[in-house]
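Next come two complexes, and both contain chain A; in the first it sits with chain B, in the second with chain C.
This part shows the complex of A and B:
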């Protein structure tokens, strides 16, 4: 609870389900305990109701007012460089890596397998050195 | 135009239906009755109009005509409003009146939610529910229900304490997963 992220006006959220999946949006207002009114003019999310089950709260909060105009939301979003901050954050990087992994070509997957084999054999060698021989 | 995921949008629309008895020699200019009807399309709106007009004004479909059917489009769906809806519905043992409040960006959304809510909480089917009146509550002091009032707050702030882990789309669902889900919020 101490580190919980709060649903609040201005909270940046990542849409993880539905047609807007993969986009960032800002919580503009709360409809009820299950839905928020979100807007993401800079990221292509139209102002709409979004259930909380479809969004993941990020660590970023913007100084957006309740029911702020979309154009002003875009200005604040862009001036805070949210997309850049998101892409360099842990969660953003994780998503980028998952996407990259999903889009690997067969040759790249082969290279990945070879690299993993090398890594595990190097680890095993070092582990053997450290292990006491009976 | 209402934007968003079509599966989340309410299908109900609001119509203004006006109708009257056929003009006759004794009554060349009959009174025109007007109603606001919530229905999924015009045809249902007209049908519901006749249902009420028969009961209230003693005009049968066969003796009257619809003068106009116009859709009442929500002016602004960009912000959330609180609606108070008065209804009358049939229970298993009689008829009751109710006043219920809903928060939504549009009146049609709130009314649609009311039908779903009544079905879930009171097993009341849509046919048995008559909407007496709807009001948009613009002042927080007018909101009667504490459940709705707690969201009528410009400084609203709460954590999501329990997150349900879900695959991003149906095709990526799997029956068995290697680890237990993490349901706590970050």
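This part shows the complex of A and C:
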């Protein structure tokens, strides 16, 4: 519970489904137990209601006030370099990698397969050295 | 008013238009690597040489790499990949639809011929073997990357989690 991420004003969220999929936004207000008012002027998310089922909370919280003006939200967002921090975070990198994996061509997939085979055979070799022989 | 019918049935003359050869789809160009989808060589990755007059695609393995000879393939039975190899050093201008025509056998339909023991299959002609070699030589020599050679040798295979409609080729 201590390390849980809470829905709060200023929490940066990543949109998983819907028309704003793949974008970051900031929670500006909470409508009810299922919806938040979000805004992402720097990332192209218009100020709108967003169901919590569509978003994932990130580790970042910004010092944004409740119902703050979009232009001020943009200023705070940019000054905290949220996009940069997101791209270098584990979750951000994971998303970048899965996007890259989805766009691999047939030849790239083949090269990936060869690399994985090499890696696993090298690992198995080392593992064999370490296992106790009965 | 009742429709007017002629006293004698007149056949409507329909003008038969010549079929245009199939359009080359998917941005395919000579040297592109295709995946064959059907037949003995399904899953094999082959080099596309040119489109023949009949609309079929002329492909070659190359034979040494994956056992696919000079072959005609309908476009519908291929998937084009985004990889291309250099085939400029290869001369396949003499390979046309006529090259693939079957030799006509003079068989008389007589009783003896019917019951006679079946003739042996004709061996693959030396001229065709030579053509295959000359066409392939220009291609295989230009493939510098051993990974590309391995790529042509390996068959395409779907695995768990690979869905053709989401895959990029």
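Criterion: the second predicted complex is superposed on the first by the 133 of 134 C-alpha atoms of A that agree within 3 Å, B and C clash if a C-alpha of one lies under 4 Å from a C-alpha of the other, contacts with A are read in each partner's own complex, and residues count from 1 in each chain.
Just so we're on the same page, a residue touches a chain if its C-beta (ideal position, glycine included) is under 8 Å from a C-beta of that chain, and two chains touch if they have at least 3 such contacts.
The structure presented is a predicted model; accordingly, all values stated were derived computationally and were not measured.
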{"item": "First, second, both or neither for A:32, with chain B first and chain C second", "value": "first"}
{"item": "First, second, both or neither for A:103, with chain B first and chain C second", "value": "second"}
{"item": "Partner chain in contact with A:111 - chain B first, chain C second, else both or neither", "value": "second"}
{"item": "First (chain B), second (chain C), both or neither touched by A:6", "value": "first"}
{"item": "Contacts of A:120 with chain B and chain C, given as first, second, both or neither", "value": "neither"}
{"item": "Partner chain in contact with A:79 - chain B first, chain C second, else both or neither", "value": "neither"}
{"item": "Touching both chain C and chain B, counted on chain A across the two superposed complexes", "value": "none"}
{"item": "Complex interface listing, chain A residues touching chain C", "value": "102-107, 110-111, 114"}
{"item": "Complex contacts: residues of chain A adjacent to chain B", "value": "1, 3-9, 16-21, 29-33, 37, 46-49, 51-53, 56-57, 59, 66-67, 70"}
{"item": "In the complex with chain A, residue positions of chain B that touch it", "value": "3-5, 8, 78-80, 103-105, 109, 148, 151, 154-161, 163-164, 166, 168-169, 185-186"}
{"item": "Contact set on chain C toward chain A in their complex", "value": "33, 35, 81-83, 147-148, 150-151, 154, 156, 166-169"}
